[in-house]
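The structure that follows is given in the form of structure tokens.
Order of writing sets the chain letters: A, B, C, D and E. Residues in each chain are counted from 1.
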Amino acid sequence: MLVNCVAYHRGQKLADIPIAEVRTHLERRDCFVWVALKDPEPDELTALQQEFNLHELAIEDAQKGHQRPKIDEYGSSLFVVMHLIEPIGPDLLTGEVAIFVGPQYIVSVRRDAQLGFTDVRRRCELEPELLQHGPAYVLYALMDNIVDRYFPVLDQLTAEIEEVEERIFAGQTTRAQIEAMYSLKRKLMTLDHATQPLIEVAGKLHGGRVPPICAGLHDYFRDVYDHLLRLKQSIDNLRDMVTTAISVNLSLITIQENEVTKRLAAYAALVAVPTMIAGVYGMNFANMPELRWAWGYPSALASMVLIDLYLVYRFKKARWM
Amino acid sequence: MLVNCVAYHRGQKLADIPIAEVRTHLERRDCFVWVALKDPEPDELTALQQEFNLHELAIEDAQKGHQRPKIDEYGSSLFVVMHLIEPIGPDLLTGEVAIFVGPQYIVSVRRDAQLGFTDVRRRCELEPELLQHGPAYVLYALMDNIVDRYFPVLDQLTAEIEEVEERIFAGQTTRAQIEAMYSLKRKLMTLDHATQPLIEVAGKLHGGRVPPICAGLHDYFRDVYDHLLRLKQSIDNLRDMVTTAISVNLSLITIQENEVTKRLAAYAALVAVPTMIAGVYGMNFANMPELRWAWGYPSALASMVLIDLYLVYRFKKARWM
Amino acid sequence: MLVNCVAYHRGQKLADIPIAEVRTHLERRDCFVWVALKDPEPDELTALQQEFNLHELAIEDAQKGHQRPKIDEYGSSLFVVMHLIEPIGPDLLTGEVAIFVGPQYIVSVRRDAQLGFTDVRRRCELEPELLQHGPAYVLYALMDNIVDRYFPVLDQLTAEIEEVEERIFAGQTTRAQIEAMYSLKRKLMTLDHATQPLIEVAGKLHGGRVPPICAGLHDYFRDVYDHLLRLKQSIDNLRDMVTTAISVNLSLITIQENEVTKRLAAYAALVAVPTMIAGVYGMNFANMPELRWAWGYPSALASMVLIDLYLVYRFKKARWM
Amino acid sequence: MLVNCVAYHRGQKLADIPIAEVRTHLERRDCFVWVALKDPEPDELTALQQEFNLHELAIEDAQKGHQRPKIDEYGSSLFVVMHLIEPIGPDLLTGEVAIFVGPQYIVSVRRDAQLGFTDVRRRCELEPELLQHGPAYVLYALMDNIVDRYFPVLDQLTAEIEEVEERIFAGQTTRAQIEAMYSLKRKLMTLDHATQPLIEVAGKLHGGRVPPICAGLHDYFRDVYDHLLRLKQSIDNLRDMVTTAISVNLSLITIQENEVTKRLAAYAALVAVPTMIAGVYGMNFANMPELRWAWGYPSALASMVLIDLYLVYRFKKARWM
Amino acid sequence: MLVNCVAYHRGQKLADIPIAEVRTHLERRDCFVWVALKDPEPDELTALQQEFNLHELAIEDAQKGHQRPKIDEYGSSLFVVMHLIEPIGPDLLTGEVAIFVGPQYIVSVRRDAQLGFTDVRRRCELEPELLQHGPAYVLYALMDNIVDRYFPVLDQLTAEIEEVEERIFAGQTTRAQIEAMYSLKRKLMTLDHATQPLIEVAGKLHGGRVPPICAGLHDYFRDVYDHLLRLKQSIDNLRDMVTTAISVNLSLITIQENEVTKRLAAYAALVAVPTMIAGVYGMNFANMPELRWAWGYPSALASMVLIDLYLVYRFKKARWM
């Protein structure tokens, strides 16, 4: 579905144009076209390919989706793929955006993602002196926006792990906590999946041999790169903490097992000792003077109770009960 | 066994030819020969070696098999080895294909693999404008086909790990699950074995100093390279998840042990308490008034049952039973 | 909040000046201005930006905070971010300092940190022959000071892990120890977060292509670099030790469980054996000669006690009790 | 001990010569000498050093042994150290070979290894057209031979791990299996010790700046390099599998513990329930009608047996017995 | 404390000289001074600094100690720091040596270490043809000596781990073993701390751009480098083995727990079964013919004993006892 197709001249919006008129604008100097698509049909992509003369392999990638974040140079144009991660309830949904950037055009193809880039466009149009840099600046604006969207996801995952930590140290070493840690690990992987290869992408755009189309904007792309490094470090830390939490949790479970064993043993003792005393007075010896005492029975019962009370006192003191 | 031997001129199929006529076609300009062998006999390879003047060490590798995926340059020709992975029931079978590429020939030698490359040949013959690029394009088509075959294998392994996850979190922390995780790890290793070194191979064909024979096709080889990176990332993730699943499973087993211990203790209590009461009334004190009460026996039995019922209630509430 | 704004000429302090007079001093040769801010308001930063012509993206980073330690070159000026780590009770607080360095100015913007840099300024002013090197020397002095502040934090963490080690090997394998180890891991991560990326920063200032502004000071920056490598190695070691301690602790807990089981079994035996003997003499056989012996009962009791004493002796010897 | 000392001319064997005559042959063109020693005495090495003018540090290394596999260039000559690994019963024995290669000589010094290199010499002498390449070709032949010897060792270790896997999944989670895994890890380390540094060695002989003496043979050394990479990958996989097997084994042991606990509990129940019933009928209430029934005793016994049979049925069904 | 201060001319010892005369010797051609200090006072270092014109930062490092092993170039002179590791009882003591090397001087400053370098000096003076190379050769001799001192430490740690292995596989999975493994890990870290950064140091002295002062000696420094690589590999292996031993030990402890549980269960059965039988014959049924049999009591006792004997037989066979 076509979302937008706008022509710009020296950073100023000219007009919304139909795809068919793109070619006429590409012939004007200092003019570029910014097209946004969403979950496009194959024929829409084919139309774009012909209009902008895009490389067949890039179109195929945009068509099939499920690409790894990457940047490919085709002659003087770039093909960039990024992941869009949106938290849907407790899960993370991975969408994708494929961006074609040429000297006079930028085409973004979004897939499986709710949130679009109208904000980016609005903000860009408010700063024509920056938009004057052309499609490469738009590429920066899109990348910056996409990377900024990863931070709240990261914050959510950080909150989740803190919640899990709190629970396991409060003694809730249950299956649910383990499942939560496992699912956290999986989500961190999804986020890592999205950001890790982007570092390489952003690296290619600000250091070493920069694609000519991006020349002059390396301060901007380095900024994106810095944000990605920050994300990466946080993700790595969270992954490490989850791994530690899993292993620490095993220790806590084993400690808990220990405690349960002790508690059980304490209760067992409370039953076993009276049973033994009862057994003794159940013996059939002819000559057992206690049996004939008037207070024999009550004092036997009393001794059982007293011993149990003493045991309870000892167990409580030793923190077994 | 010879599968095919076809001569092409400017991307158009000329004819199926016998091996003996290869030499005459190699002398014509813009002509190349595409030979496919399957589990060849040593003398078939020797014949090829003489016909195409292949390097002795490359022939030896193709002969012995069990090579690591690799690319070797011998002067102006290339020798490429790739693994073919086919799922046979629950196992993965590793076959191998060795490819000799020269300016006017491409020879593929397949071993221990069911599925051949007739599809690739058919598709190539349908696009003579691409096949015109010569043997290097055929190399790309073969690599692309082989790499595409890895994805369903990966999908199968992904499904397997998801099944295992589901089972262990449903409490089936049995030997069978552990064995399944172990076997998954092994299969991931097989897949990694096949793809990891190929990344290096594909990298050599699209970036830096490209072998002259592959010049002009680097966009194609980069595409294969991208697919391989995607595979690698997925394999790494799956390996990480299996490792995590194994350690998480240990926690779950320990939790289960804990639960079993508690359940056993509960049942033990149900037996031990009546035994203690019975012991008390089995004592032989002369003066035990209860023993002579008419309702003594029934109320002793009743107290046993009542205490047990109370215990059952408590244990159920504490989720021990 | 503005902390200081001082102009220097050939390493000698000229005067405290208001921000508004900065520009006049920047026009004099061999003169530079050193400004220190603390938790600045947005308009203070805007004023600085205009006065020193700082790059918009750098100002944005200083404004937003929560940056990763880094060094960015903007033309002939540098933008450096470092973390300030202060132990507040058992926790580590992370502050931040952003430093703008140009040929004639250095601006430090501190956030969320108690301790300032007045010491650094005092020491610099005492050595005018070094301060003559200009803003780059001040950058060195600041970096050196910040890095030196990490060492006491490291020492504290080292002491903490030694305390934990001592406790767990003394048998205190409790939840509290596990929580301490987990928290140590987290603090080490915070410290690593601060120092790891700085290594790269300091590396860029002394080796390879050094920013022109820092030329001639590479011995100084290498010194900072050496200190950072030392920190890194110590942090890595501590992290490794914490991981080992966690896994060793699990073994200790399991050993303890083993010991508890044995102790419980020993006590159970002390109760079970007399119960069995009592059971035997509670049998109702008509013909049990012992029952009628005068010493039958006392000797039965005595045998119970003797057997238990023997068991205690054996269990003590086997270290089960 | 001197094993062989042979002079070759244009790849053809001239004659077995005594060490003392080496010098005369070194003066002839297209001639080289191949000397093989085994566990040499210090004075034999000194003699060689003088004859071939070998570097003092290289001789010292060959003398002392226990070197890491390596390649050192001394001017136009090479000094290569490799490990020879021979399985002696269940253990791996590490021998060593030091090789001195110069433009007109090759000296191999073998230590602590049974198997020599007479095969290599025989095969080389059968192919004079290859031996014509001189000492560098002999170096290749020796390296190829040594590397080929690692494969059966690897196969043995692969078989060992498969045996262990089979056993642990068959429930034999005993000390012996754990010891076997530990020993496997150690042997893999020995093999890795031998091959890992050789990769670097072989890499230096076929890519980048190749020592002049080896020029023209890079296809051969690359072949060795490929074999080493294959070894490395297999070793890495085996190490990973051993690590996984160790952790999986712990899970299996814990599962087994679980099963033992359940089985014990089942048997305990079979004893505890009759004991409780017996306790009940051992009570001394005056009014227990069952006691006076003619069938009281047999039906009490019968109820014990029936309850136990029912329990057995339930436990079998729940797979506790 | 000044240990030695000797002037050499063309490799020959001239004389022991006081520090104050150093300057006169530095003016003579082919002459150099070798100074050795031990735990120096600040003013001794200041004196040296002035005499040899040493860099302030290097002096500061030598003064403060606790440096990471490193090599710093200050103009044409070098500053090298190495660790000295001495086993004191079961612990490792880390000393330090700082070495200043200039074209005509070498100054070694030793700290916290018993063993000095008089051996090195003696051996150097015996080989004037090598000592002629000047201070760089002395640097080599010192490095070689220091690195050679690490090997016995490594051997000791290897012996320690073998002892631990032997013990844990012999069933001594006690706290003491775990503590031993933990302490081994720590000591390996200390050794790694000392050697790891030295590899980099030695690498800078033999490959790539070598400091001019060390030119011509790269074969010697490569030898040191080789030794360090060998150390590194051994340390890495030992670390890996300790980690494996810790995890294997946990499995062994769990197996032992299993065995203890089984043994306890066996003993419990030996007590529980007679108790049950006694319970049966303690029932008060009127009609229990066995009770009145003359051999009733002895045969009841006999059956208890026989059943227990049978159980012992079964338990022994199943290896539970």
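We take it that a contact is a pair of C-beta atoms (placed from the backbone, for glycine too) under 8 Å apart; a residue touches a chain by one contact, two chains touch by 3 or more.
Model, not experiment: these values are computed from the prediction.
**Student:** Using the contact definition given at the top, which chains are in touch with both subunit A and subunit B?
**Tutor:** Of all the chains present, none is in contact with both subunit A and subunit B.
**Student:** What is the distance, in whole Å, between the centres of subunit D and subunit E, each centre taken as the mean of its C-alpha atoms?
**Tutor:** About 25 Å, centre to centre.
**Student:** Distance-wise, how many Å sit between the C-alpha centres of subunit C and subunit D, to the nearest whole number?
**Tutor:** The separation of the two C-alpha centroids amounts to 41 Å.
**Student:** Spell out, as numbers or ranges, the residues of subunit B touching 2 or more other chains.
**Tutor:** 247, 250, 254, 257, 261, 268, 272, 275, 279, 282-284, 288 - these are the residues of subunit B that touch more than one other chain.
**Student:** Should the ring be read from subunit D with subunit E in second place, what is the ordered list of chains?
**Tutor:** Listed around the ring from subunit D, going to subunit E first: D, E, C, A, B.
**Student:** Okay, in this complex, where on subunit C does subunit E touch?
**Tutor:** Where subunit C meets subunit E, its residues are 165, 169, 171, 219-220, 222-223, 226, 229-230, 233, 237, 240-241, 244-245, 247-248, 250-252, 254-255, 257-258, 261-262, 265, 268-269, 272-273, 275-276, 279-280, 282-288.
**Student:** Can you list the residues on subunit B that touch subunit D in the complex?
**Tutor:** Touching subunit D: residues 55, 57, 61, 67-68, 70, 72, 74, 173-175, 178-179, 181-182, 185-186, 189, 193, 196-197, 243, 246-247, 249-250, 253-254, 256-257, 260-261, 264, 267-268, 271-272, 274-275, 278-279, 281-284, 288, 290-294, 296-297, 300-301, 304 of subunit B.
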